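In this document, chain identifiers A, B, C and D correspond to the written order of the chains, with residue numbering beginning at 1 in each.
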């Protein structure tokens, strides 16, 4: 399929994802002011719904990575044909994500760009982000190697539903989305000065996750006595 | 399949959808008076459940458009055989939607028709409705062109789950449903004077969405060097 | 497959469904005392989860009717081989449902049988029950005639999710479950004196629904000019 | 497939499941302090999402038992090739679960191990745990014998969604997870002195469930007159 179309899919898909994350965060904050857990639940369910829809719609065009960590690991494992393609994917994800954040802000009557003041940092938070990215790779490549690609949207949405609540960082697990979320001073935002720590944690989680993916799902060396 | 049966499917399906939207809005408003976000969450989950069920049940008969924007774009892209059929679909959707609103009102002890006084207007809201309709088309036709029609119910339900919370308009994205929702002065209602603005925004979002659908999912011109 | 095994599947399946409905109602009432809408949301999500699980597990054995209305309509349309079988199904559903209610009561430290005092009656409520049963049949037989039986669990669960919130009766739509729910004086209960009205409404909704199912999904008379 | 890889899948999968259960419990408790039902709803939705993701990702490697009761019953019914394998599975599940609990604690800034003080005991609670484990086996082996393995993740997640709310014990139904949950003094924890009662109830429920699984899903003796 044309690279141009695949890049458009990655860009629009990531933009729709970010608009869903930030937009539902703003809505939740405004409509459920008394319970932050309920806000996160609303944000979670909206994000999960968006992931199911977006991956089902764009997966057959571009693979629906929507995430530089997934793209880079996919390139390492040979899923993309060239590093140039991978770079294109990452740029499309970042540009799409930024546009999605701007659209979300404008829909809710906010300035197109309003930098977040939500500081997110600390050892527990960073560990959360490492764990979140590790787990995401296990799920994405676990399903991919199962041969049941049609189930990937449900696996990713299920995973993010769990990880929003189960990790202390609320599971960004995505550098393009992290960058985009610096642009909205609302529920889902992250202060620009906190973003590098998150991206570093995502890279660490991605590296550990890629290794685990190889060992669990791809290492085809066989033991003589116990192979089925 | 008989056009008569397909029109019945569109009419009953849209009626059930509108009854779910309005009925769950009334129930949510009555039972969760203290938190509007929780009301919207209940309304969202009920709507998503209805979409999964209705599209699974009626999709094989009529395609389960349930939405004039989808029908018109489908006609443009050649999915329906004639404009006469498309007109029939739209009429069935509007009539079914109106009946669904009346039944919802009657179930909850309200007058069969009680016009909404809920004004919904403004630039951010209209942008929300444009974005909502654009996104709906990307999802519907993205899945349709993937060849995985059986996944369409989950994609549409996931999308609407996200869009109810992520767009400032709470994502009507459907002229037939918009008309029907003028007939109930309750949570999901929209004042008749606000309906034209919504429908115009839906048409704009539909036009932009149809163009994007063509470019991302249907444009089959190939580049020599990079086609797979 | 052995009738004995199919009856066991209907009985255990209906019992598990009723235990889920009543048990989650008790839990919701105890843990979320301040918001009845939230109680209903918890009850809804638990019921939907149970339906997905139970129909996936028992559908291949007995069809997972779990509901006398479905069994009777299925018999009318030729899905069951004999009226004797249908009678067996209905008895198994009622017995299983009663046992499920008793187990739910005992798990929560209540008397095995404690008749509900929750009066549910009135024109709007009965209309709700008619609409709920009508809709259930459209969904069940719509999916059945689509040839995608594996999707039935999701269609039914999605439908009930919508109908719990969208109908004024909270959608019992099932005579066996209605009988069982008279046995617990808790959130999901129904006073014995209200049960006959509900069952009558379910029969009316079932009759109208069966007719609509025939016209929309089964009537194979073809028109010369417009058949595809 | 290599046993080594299957054990890694069971260990990592159970660890991710426990981290989701405990982590989302801590998050829910902190963010929704005013409504325990809402806490349980958040915990339930996170757990269900995790189950969908983990079983989709690891099921093709190890079967994604994630639960000693499932492993032992599977061994009895001939799903695993040797008792040695089953023992390996159970050890991997326990070790993985413990590590998942520790990681959850560390992510949220708690001591790596902090024993729960949450006493859970009493006849109703134990009956809840018996029912929960019985039901889990009906669902797991019902789907397994249907030949639709790809639906298992949704069946299990749906079941646990129902059982968290519908059983008085909130449905642990898993000895490895029970042990791991003694290690966190938070929402999802269980006091070590309560764990033996839960495990005994799970064994009882497992035994009754295995018998019912055999009678309903596996007993292939045929009756002459009524077999289809």
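Convention: contacts are C-beta pairs under 8 Å (C-beta built on N, C-alpha and C of every residue); 3 or more make two chains touch, one makes a residue touch a chain.
Just so we're clear, the structure is a prediction, and the values are computed from it rather than from any experiment.
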{"item": "Set of chains whose contacts include both chain C and chain A", "value": "B, D"}
{"item": "Equivalent-chain rotation between chain D and chain A, CA atoms, steps of 5 degrees", "value": "90"}
{"item": "Type of chain B:chain C copy interface by residue overlap (half), same or different", "value": "different"}
{"item": "Chain A-chain B separation of Cα centroids, rounded to whole Å", "value": "27"}
{"item": "Chain B and chain D, separation of their C-alpha mean positions in angstrom", "value": "39"}
{"item": "Chain B: positions in contact with at least two other chains", "value": "34-35, 38, 41, 45, 48, 154, 157"}
{"item": "Graph class of chain-chain contacts, one of line, ring, star, complete, other", "value": "ring"}
{"item": "Chains that touch, pairwise", "value": "A-B, A-D, B-C, C-D"}
{"item": "Chain C residues within the chain D interface of the complex", "value": "1-5, 8-9, 12, 16, 19-24, 27-28, 30-32, 34-35, 38-39, 41-43, 45-54, 56-61, 81, 103-104, 106-109, 150, 153-154, 157"}
{"item": "Sites on chain B touched by chain A in the complex", "value": "34-38, 40-41, 44-45, 48, 122-124, 127-128, 131, 135, 138-139, 141-143, 145-148, 151, 154-169, 212, 215-217, 219, 221-223, 226-228"}
